[in-house]
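By written order: A, B, C and D. Residues from 1 in each chain.
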Amino acid sequence: MVIYESIIIMIHNRLSLFISANFKARLTRIGLNNARRYSTSDVSLEKFTSLHSATISKKPIYYGISPSDVAKRASVVITMLPSSPHVKDVYLGKDGLIEGLDEQNFFIDSSTIDQSVSKNVALQIINKGARQVDAPVSGGVVGAEAATLTFMVGASTEADFLRSKPYLEFMGKNIVRCGDLGTGQIAKICNNMLLAISMIGVSEAMNLGIKLGIDSQLLANILNTSSGRCWSSDTYNPCPGIMPNVPSSNDYEGGFGNTLIAKDMRLAVNAANEIQATIILGAVAQQIYNSLSKTPGYEKKDFSSIYKWLNERSGNKEN
Amino acid sequence: MVIYESIIIMIHNRLSLFISANFKARLTRIGLNNARRYSTSDVSLEKFTSLHSATISKKPIYYGISPSDVAKRASVVITMLPSSPHVKDVYLGKDGLIEGLDEQNFFIDSSTIDQSVSKNVALQIINKGARQVDAPVSGGVVGAEAATLTFMVGASTEADFLRSKPYLEFMGKNIVRCGDLGTGQIAKICNNMLLAISMIGVSEAMNLGIKLGIDSQLLANILNTSSGRCWSSDTYNPCPGIMPNVPSSNDYEGGFGNTLIAKDMRLAVNAANEIQATIILGAVAQQIYNSLSKTPGYEKKDFSSIYKWLNERSGNKEN
Amino acid sequence: MVIYESIIIMIHNRLSLFISANFKARLTRIGLNNARRYSTSDVSLEKFTSLHSATISKKPIYYGISPSDVAKRASVVITMLPSSPHVKDVYLGKDGLIEGLDEQNFFIDSSTIDQSVSKNVALQIINKGARQVDAPVSGGVVGAEAATLTFMVGASTEADFLRSKPYLEFMGKNIVRCGDLGTGQIAKICNNMLLAISMIGVSEAMNLGIKLGIDSQLLANILNTSSGRCWSSDTYNPCPGIMPNVPSSNDYEGGFGNTLIAKDMRLAVNAANEIQATIILGAVAQQIYNSLSKTPGYEKKDFSSIYKWLNERSGNKEN
Amino acid sequence: MVIYESIIIMIHNRLSLFISANFKARLTRIGLNNARRYSTSDVSLEKFTSLHSATISKKPIYYGISPSDVAKRASVVITMLPSSPHVKDVYLGKDGLIEGLDEQNFFIDSSTIDQSVSKNVALQIINKGARQVDAPVSGGVVGAEAATLTFMVGASTEADFLRSKPYLEFMGKNIVRCGDLGTGQIAKICNNMLLAISMIGVSEAMNLGIKLGIDSQLLANILNTSSGRCWSSDTYNPCPGIMPNVPSSNDYEGGFGNTLIAKDMRLAVNAANEIQATIILGAVAQQIYNSLSKTPGYEKKDFSSIYKWLNERSGNKEN
């Protein structure tokens, strides 16, 4: 019998289990940010639960000894895992969620993974009698802290979507159903592929113009009021000094790392290859971010640091 | 002695001369559109002037027999020519404007050409005693008909910019000074390079998502409210049926042709090469539009037709 | 008890089974070419065996009713299948080879598939007690007919390699051990990725030079005696008329189709993504061949037809 | 009256003049290498001539005070200048060769510059009554020292070609007429564009294979006996340790620098843009070498160092 609602968050290869009899109240207090701070990379689950109950909410936290154990104890399970093999392992592997589920279980997978794997895993879970949706998230650390994340939900029925919504609303502001199973993944990688392309495009255009002698703020203004306008130019400009509170004005610290966008671009290329879709700029952008994520000094920087890379690899008017 | 204000518009290799004692009043009546309709590709200049005075404004129109003759007759001359060699020829060639100018002449070149040529020509003209600004334009045929064009002005003094403004305001809504001579060209090619990249990016993302099974309108909505948002997605979406009044919903007729954006991209690549700036996606986008402008069925289509091209060159979910 | 040696060749989704008590003698008589001519796309297996024994060798041919049945009847099984899912299905699926094997079985998989899948399947087979090598092939239809194919063999022991060699020598001229399991696949995709890049490079260089006015044969000679020399220029020149017996001089018929190289390029990109290797030109070449394989008039052409595509998408000196 | 034959070599912006009554004998003694060693970057022309006559040939060397002066003193003038503006200046500028020429002058321009500039300059010189050919060179420092350079000659008549041949044979082994004026430039940039593409292609293929676990020497052997074979793989392999006497085995010192190939690629892109030829991989290769020529640690390295760059920007099998 499932008695608890639960959240599993696996970050950087470590499985953290949160079980709560009062899920809603707890999520507002824990938040993704606190969860990370108390992740099991630092402490054991036992220590975490005692630490947590002492310092955060004064309420107990429970945990399972394996995904299948969690599925037995919690009706609603939210997972956020780093890659396709992790999801296959936690859901379908030995002692996976699939081994502990019954028809009361509802799984929300917020991992960003291959859309074909996401759909395939969900179909196997649903085939065993439980329900599942994919709900990848965008908005970054800032969005997580402010609970303004966007969740893109793929659900085989509207009922599944509606069931996921109240849980996701504790963490996000926009909860959108994108269609059938897997479409959450598709929407996310399509958006992020376009984002990567736009960010490189803005960086190339800003860098070219500035090197040719135009004032950076003036050029940003022109782009933002012309047909070049985009989120990467008007909200997250990669040129230092244009906007105050973006990574480019803070030495490209924080934000959305080159490693993460490189991973999303791999997923986009994989998805395109599965159906033989042509994505020329997407393919080049993937290679740019793959190399940038391994360039000394750029590994841990925000993805807008492509501007800095281009700036360093360009001559000047006097050349 | 300069007695008239004048406009020279060279479209597709033919020189059309308009001379008017009452320039402002005439421009509002003639408009770029009428000018084109009566271009000298159809009629001789003599016939054009008589035709014009009879049917449009009941007022006489004058013409010069060469650019140098026009410079002698008109104080303010506006040119809009197809490429760098044309500008060099009309301004600096035999019987060019430079041979007829005196210190009262003011030249406004609205051609989109190589920024280095633009600046170099203007410096030679200014060296001879007249004044000149570069003022490339964006906004397309629609903007020209509605007089809502944007002019990006490069001027060596604020006074030159202010002198150009009232003339440009008859044709455009936004008249922006971008800095010194040549910066109008720089701003334009930077914007259009970013535009080309964004348009291809939106097309790749929309095509990928739709082929993977997500609803096109839903995907457009997600992009437009997420970090993929850009002018090409929210104002000029390349996927047919998303927006009613854009070329993609009219079989890619009208708008901004593949040939024209291919030309602007060549200018961007030339400018980057002059200063050895790195523009990876820009270089690929240039090649994409160069090839598209020569692909059967696409030569005369709007630049958003890259979506159609990608769509035809992609498999489907069932593949 | 295994009593026969056998070859399974699956071409275009159809399974053709050849079983022979006298494998070596038969292969020389059947050849890949005859096998294809009598493939089960046209006739039933029963009809095929009777047809075969009557017309080709006067000796009987046997067949199994499933891969597992074949594994039981034949000790040596050669497979050549179109993609990773087919290999997983034939080897590990229901009624797959894995269900019929014993320690006498030796499997030679000549499919070109994902290197990670190839290795993984072989490890599972070996784990069950049989032996397996990967042996993808290059050389095309011409090489198959002339028995001059190259086989790139990945084997976990030298003994496995030596065991495969006599069988492969009936079909090929160069049988090379590339290292451990999976290295046959790696060698093949690395070579073919380089081939795709070189072919596009030669096509771009030849087309550019010819359009600029240099004689095609002269340019080919210069490239072939300079640092641009490569197999695609000196053995398989993509410009019509340079060499007599290559597809470019036969309207790009025959040879190595755009669809096939597009598939190999997908495998290369997949392999690169698995280890996060940067392959910029490889990624662009993949997109070029993906789109070419879906361009009307190019779907079934040889991969050197990229020259024709470029030629049609380029201006001329007079432009 | 022209009394001497002469060679002008401008290297890195400095003009070195050599005048000799006995040109052939002198070239064999001076050689490009000695000329460089005594270039005017170190010593004045006066000092150079006295130094030269004392140490090398015991014969006097003469010099002119300007290009026009050289044209007056020497009938045959060979130039090798770094870029298009230098050629325009030395040939057509103030005190340029054009001001000193008469019908006895024969100019051989071995600079690698824009093919359109090359042709245009030659036509102006010929129009004034002298003769000229373009004769860009390949083979590098090694070829210059060994006098095994290749000269690609563009000449408007066979007679001009034959006149240039004996002079070029003192420096090179292969002297090829490519066609009319400018075709020497075209042949050179087409070859070098293909070379750049092949070198990146070999580097990507070798790096991918090695990272996937195949032995580097084995992989090189396979490529060199398969359809991936090319000069960059079998003569100048970019992977350290494959071949003993190439830059890759000497920390990428010597050879053909990233800056030089980046310049040639700009010429190729310029030429393609002039006639609107599509060169997709060429355009990407240009950007790769533009950025590499400005990447810390790579500015002065051989162009095969792209292998090292890729190697550092790729994960490993264990990732």
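One rule holds in what follows: a residue touches a chain if its C-beta (ideal position, glycine included) is under 8 Å from a C-beta of that chain, and two chains touch if they have at least 3 such contacts.
Here's who's who by UniProt: A, B, C, D = 3-hydroxyisobutyrate dehydrogenase.
Given the structure is predicted, the values throughout are model-derived calculations rather than measurements.
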**Message:** Validating interface symmetry: for the copies subunit C and subunit D, is the fraction of residue numbers used by both over half? Same or different.
**Reply:** same
**Message:** Using C-alpha centres only, name the chain that sits farthest from subunit B.
**Reply:** C
**Request:** Name the chain pair with more contacting C-beta pairs, choosing from A-B and B-C.
**Result:** A-B
**Request:** Let me have the rounded angstrom distance from the C-alpha centre of subunit A over to the C-alpha centre of subunit B, please.
**Result:** 41
**Item:** Centroid spacing, where centroids are CA-atom means, of subunit B and subunit C in whole angstrom
**Value:** 51
**Complete:** Among subunit B residues, those touching two or more other chains are 276-280, 284, 290-291, 294, 313-315
**Message:** Which label fits the chain touch graph of this model best, line, ring, star, complete or other?
**Reply:** complete
**Asked** In their shared complex, at which residues does subunit B touch subunit D?
**Response** 262, 266, 269-270, 273, 276-280, 283-284, 286-287, 290-291, 293-294
**subunit D - residues contacting subunit A, complex** = 284, 290-291, 294-295, 312-315
**Message:** Please output the residues of subunit D touching subunit C within their complex, sorted ascending.
**Reply:** 115, 138, 150, 152, 174, 176, 178-180, 182-183, 186-187, 189-195, 197-198, 200-202, 204-209, 211-215, 218-219, 221-223, 225-233, 235-236, 268, 271-272, 275-282, 284-285, 288, 310, 313-317, 319
